[in-house]
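Note that chain A is present in both complexes that follow, paired respectively with chain B and with chain C.
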Partner chain A sequence: MMYSVKELYRPETLTDALAYMAEHPDARPIAGGTDILVSMRKKKPEDVLLVGLQNLQELRGIRRRDDGTVEIGAYNTFTDLANSPIIAESVPMLRTAALAMGGPQIQNAATIGGNVCNGATSADSAPGLFARGAILVLRSAAGERRVPITEFYDGPGRVKRQSGEILVSIELPAYSAAHYGDCYIKFSTRKAMDLALIGCAASCGVAEDGTISDIGIALGVAAPTPIRAVEAENFLKGKRLTADMLEEVGNLALANAKPRDSWRASKAYREQIIRTLARRAVRAAYEMAGGVL
Partner chain B sequence: MDKHFVVGQPVERVDAYDKVTGKATYVGDMKFDHLLQGKILRSPYAHAIVKSIDTSKAKALPGVRAVLTYDDVPHIPFTPCGHPLPFDSPLDSLIFEKEVRYVGDTVAAVAADTKEIAEKAISLIDVEYEELPFLLKDEDILAEGAMEIHKDSKNIIGETFTEYGDVEAGLRDADIVVEDEYRSPIVTHAQIETHISIVDIDNHTGKLTFYVSNQVPTIMRERLAYILGLPRRMVRIVKMTVGGGFGGKQEPVYEFINAVLAQACHCPVMLELTREENLSCTRTRPSHYFKLRTGVTKDGKITTRDLYTIRNNGAYASHGHSVVLNEYGQFEGLYPCPNTRFDGKTIYSNQLIGAAMRAYGMPQYCIANESHIDHIARTLGMDPLDFRLKNLYKQGDKRNFGNYYSDHTCGMPQVLEEGLKRIGYREFRENPPADDGPIKYGIGMALSTYQACVFPFSCEMSGARLMLQDDASATLFINCTEIGQGTDTVMAQIAAETLGVPFEWISVVEGDTDLCPADMGAYASRQTYVTGQAVKKATLQCKEQLLERAGVMLERPAEELDTRMGKVIEKATGKELIDMPKVAENMIYHLTEGGTCGYEAGFIPVENVLEYMGSFAKVAVDTETGKVEVLKLVTCMDCGNLINPQTAMGQLTGGSIMSFGFGMMEQVLIDPKTGRVLNDTLLDYKIPTFADVPDIDAQFIHTYDPAGAYGNKALGEPPNITPAAAIHNAVYDAIGVNIPTNPLTPERVYEAIASAKQGKEA
Partner chain C sequence: MQTIHIKINGKDWTGPVEDGETLVDMIRYRLGLTGTKRGCEVGECGACTVLIDGVPNASCMWLAALADGKSITTIEGLTNEDGTLSPIQQAFIDAGAVQCGFCTPGMILSAYALLKRNPHPTREEIKVALSGNMCRCATYEQVMEAVERASDLLAAAVVEKE
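Moving on to the complex of A and B:
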């Protein structure tokens, strides 16, 4: 057959899934399969043990806690994200990202958990989750581990998911500021069925006086993993945004980026896009939070 | 023109229901007992000698039925080029090569019980290669003493040089000479259905039946017999539903490989290419280089046109130089002038093979030439529209070359009028929109002519047979090839109109060389123009016999009778006299005078016609990213009378989308270090999705050309010519830079803006 699968186990509960994963350290969780099946068609990996997560209710749902934390079950498809009123209200940039990813068929299958665990720097959900400082909740038979997403990526296509672990949910800590705004911009050749050449997310908490109290700026495909543009963030914290500052935001965003030359785009061009997207995303997030330039 | 009852109606396509419900049978849907799967071993090198091949491990793998190499198959040099006889391309190809000339060239093949076993077996074949230097770039290929990719070829596939008037004097005497260079990328057809065929064998006679996804069944029969060294009677081609051709399936591409496998295994063998193979080792629209020089007077009259072009065709000639000839055929179409020179050559290189692709050289020529025209206008300080109006061909004008085109109709004035109105050209020029931050706006146009067929340069024969049934319905047998354009529907409409019956009374049997008369098939834009006349000719004979019988039954001279929508009528008054089914029944069942009624006709055109078209585009360019948004794309076309307005609109819209992809995002990228295709997936070879398609306003300009069966000219390729060029000129208008290549990727546009800015500052 086209895919070299040794066994597909489809547990009904998370407990069963974790027990199986503990017994089979090589087993790979599969959710929508939109990444793993593509890599298996290229014959790597071969003879895979797959653990299907489709029936695990523990991985479903999107909730907003009283403290404002948004908790997203790992098994939410991009269509689920796009249709969620909680996402639309609390993290609209994730809705933008969900609708920018692949096409409708892929959005119906692919999950946010899979998008993160696949470890691609181009993952459309990653910049938004990085900007918001998402916490990943991983479970294994041994217990639970909470990891900031900024510490989860290990290199291109590699994450620090340990053997036996399943990503259960993703938590977005609340911003305390009076007003919130965010923005995700995906830059790609096509409007659908494409990977980001650069992706940029900005989230912004703005006080009544227009000063920025919380700020997250994150970039996809600007380095081997998604990254936070920390210097640009530090520059903006506690300030009111002005048009003059945007130029600096763009330049500072580059400080943390390591874009590369490839046949898909030159380093110089990627840098130009990073500068431009950072400016535009920050401005859009600030304005959405009621800030006036 | 007479009133038409079926022609001109947007009748539902005859294949619509089957395609939408999934009932249509593509090659991949066919079921056979003991169907084996083929797989090709391809060269990993751009140029190498195959020193030795060890197939023993592959042959030992359980489930492998045959492993074939150069030594096991015929060595008859051939050209796959899907043109009618006589051969007009070099005979430079073999089934398997000993000297491989591009990454993907054929070295060996396997037939096995399953695809997976075949794939595994391929990996078990050991080949020893001796790597050779390879050539990709025009200047290296044409350099003095360059290595010859094919022996004694000097790397030239074909050359054309013609001059009228005195070009050097014209350029010397011109007030202004404008020069431009343009290079188009390699693009490929990216058919949704990858190349696929099944070859079945009659083990008693050895006769091979090819079930194909192909555009030219008649030519396939001749060519495959030649390649395999068989008498033509031993080859039958059955064309199945085709999931896209666009010229890439206008020749045998790999069908001869499963043929030799079927001969070796005595079993049917399927060969289905993967997406990666389809994108990297089938056929392309290869890269063209153009150098244009035009001499004009100060007041904007073109006096001299000079074009030098190189087509870098890849490892084998295939259609090669005839594509350059097609550009030559339209070179004087739009802007005739006294002094013209066309100098074109087609060359070999160590990359994938150039062949036919929709509009055969014209999309790339159109961007090169129409952006050059805009450049001249800007140099003169004229509006590109005014410059065109001053130089455009008008009916009755003389062309140095191309006077073999008939001149019954020319819709170009209406194309311009309608297109300019729909895009709002004059309003835009009078009130140009202000920049919106980093966004700049532009407007542009591109015009073209195109021929219907290849008369008088190559065989243009089409055949049709109409078999009248006992109820005056009829079965139409054609090898006019339905590959999605809607020809089955249109041919049925022509038969129904001619016979005088409702559309539903005609059924079509199509694409089988044992059943249907010869036809040169789906290429150029020929089928409605040529086969349409063959269908009309055969049908008229059936109608004549039916009316004779009706005359006997009605005791009136047949000349006084006609048919209309299933009735025999009195010609003079239109009065209905008798139902046609009654007459047809009488023709068959009459006790003493009964017989059959069926006629076959071949048709060869005696003239070639030109379609006229123009596209008009409005764009917004983000100068910080180079991203181009096409705000509106208008295409107007004079292709004569429409047989079916609905399928015609499908062609015009589909062609516009394909052209948009060519202009904006498609290109096959080759690694200069290895000669390998870098982007052999649909993620990296970017064809537009529906989300990318701009607002398209497609309009037909009505003319009625007496050369066509029912006033029609031709339509298949023309929609793919002007849209990309119009967008190109709109971007030129927005940013003031004529980018000398396509596609207009954001990076390319941004770099053009940035370097223009730097130039200004410096």
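Moving on to the complex of A and C:
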């Protein structure tokens, strides 16, 4: 296979990459390539300018700051996420998501930055990042822009990355609660190499008295973009979770969803899955945080 | 056109590649190593699996130029200098895990990478490690057996050439 690449530029530093992107507004960053190359097959051949991000150390690493913020470099593969002790401790649902995405070969190449910038509602990393209110750090030759991930998706396969911008890192603000738990559930018809029919993430901060102080619930494939289940979150804030409340959590999660009929699954089926996953994910996150139903 | 430098099965190689050329094409047509198969070409079937710095990757999903500086192992790299087969290749034959053979090089490389980091995998661990390799002949049961056999054989002698 020969792709119609006019030029593949391989900068050694972020500064060089951004300078090139400023001069060539149509240039597209390429990281693992597992989405961009597939998209280039489907399109009519055009002479594409690519900027390879492989050598940019500025995009690597996973750090936890003193204030508890977790900073994930955009160029971390799903295998990097799965192997990171920081992710396992601070955001274990992202480890679950990383291991649920594609097969080992794709996990070894695909990056979290690419997963976000590709803009798919089925992106396995998206529900967890939405639930945690991730902040995206974008850089261009003109400077830095910080965008909440909840405002970044623009529609199916579309994000608000401006020309000349490279996603550098993803920040997860810390929860202040005494105890933390989270959960990502991917529902798909196959266990391997399949897209999510629905993905649901819940993250939960629980105070010593068992009340929920922080809560994030997010859904993938429930709408044209990943979404937060805001109504269900508002319902739960400040309360102790009980088994009776879970029914309502499921119903409220549907309030923000706009699932559609497709060859993969009917709208009615997806609604049932959304209700079920929201209940299960919230319960699992609450229990992981030490909450008792 | 760019010039890249890689290690292929332990040997240095420097040469030209087109900017839009995939790694699988470079391996097959520039290096003549046709053990690596071109299957779905969208990273789903695993037939094109090679090890990049020891880790399984779909070579159809890599632009060759982005592999600059990497160490690549193909199925040819597992064979001994004298042309005899490595224990893991022999195990696939002995277990009857090769039917049409198209998926075999990728299967073996995924299994090889698994056994290097986990010499005694459980059946579940083998399934996860090979979950990105499809076999249209459905020889999965024999493949599992082959990896278990190889695990036993390699416990005796690990043959490495990178």
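Heads up, the rule we're going with is that the second predicted complex is superposed on the first by the 289 of 293 C-alpha atoms of A that agree within 3 Å, B and C clash if a C-alpha of one lies under 4 Å from a C-alpha of the other, contacts with A are read in each partner's own complex, and residues count from 1 in each chain.
We adopt the following convention: contacts are C-beta pairs under 8 Å (C-beta built on N, C-alpha and C of every residue); 3 or more make two chains touch, one makes a residue touch a chain.
Since we're looking at a predicted model, the values are computed, not measured.
Chemist: Where does A:Ala255 make contact in the superposed view: on chain B (first), on chain C (second), on both, or on neither?
Modeler: After superposition on chain A, A:Ala255 lies in contact with neither partner.
Chemist: Could you say whether A:Ile106 touches chain B, chain C, both of them, or neither, answering first, second, both or neither?
Modeler: In the superposition, A:Ile106 touches chain C alone.
Chemist: Give one of first, second, both or neither to describe whether A:Tyr269 is in contact with chain B, with chain C, with both, or with none.
Modeler: In the superposed model, A:Tyr269 contacts chain B only, not chain C.
Chemist: Please indicate which partner A:Gly52 is in contact with in the superposed arrangement: first for chain B, second for chain C, both, or neither.
Modeler: Only chain C is touched by A:Gly52; chain B is not.
Chemist: Would you check which partner chain A:Ala178 touches, where first means chain B only, second means chain C only, and both and neither mean what they say?
Modeler: neither
Chemist: Looking at A:Met193, would you say it contacts chain B, chain C, both, or neither? Reply first, second, both or neither.
Modeler: In the superposition, A:Met193 contacts both chain B and chain C.
Chemist: Mind telling me which of the two, chain B or chain C, contacts the most residues of chain A?
Modeler: Partner touching more chain A residues in the overlay: C.
Chemist: If you lay the two complexes on top of each other, which residues of chain A touch chain B in one and chain C in the other?
Modeler: Common to the two interfaces on chain A: residues 1-2, 103, 191-193.
Chemist: Show me the residue ranges of chain A that touch chain B in the complex, using the header's touch definition.
Modeler: That would be residues 1-2, 103, 187, 189-195, 263-266, 269, 272-273, 276 of chain A.
Chemist: List the residues on chain B that touch chain A in their complex, please.
Modeler: For chain B paired with chain A, touching residues are 116, 624-625, 627, 665, 669, 671, 678-679, 682-684, 686, 688-692, 745-747, 750-751.
Chemist: Flag every residue of chain A that touches chain C in the complex, lowest number first.
Modeler: Touching chain C from chain A are residues 1-8, 10, 30, 32-34, 37-38, 41, 50, 52, 54, 79, 102-106, 108-109, 191-193.
Chemist: Quick check on the complex: what are the chain C residues that touch chain A?
Modeler: Chain C residues touching chain A: 2, 18-22, 24-25, 38, 41-44, 46, 49, 52, 55-58, 60-63, 65-66, 68, 110, 128-129, 131-133.
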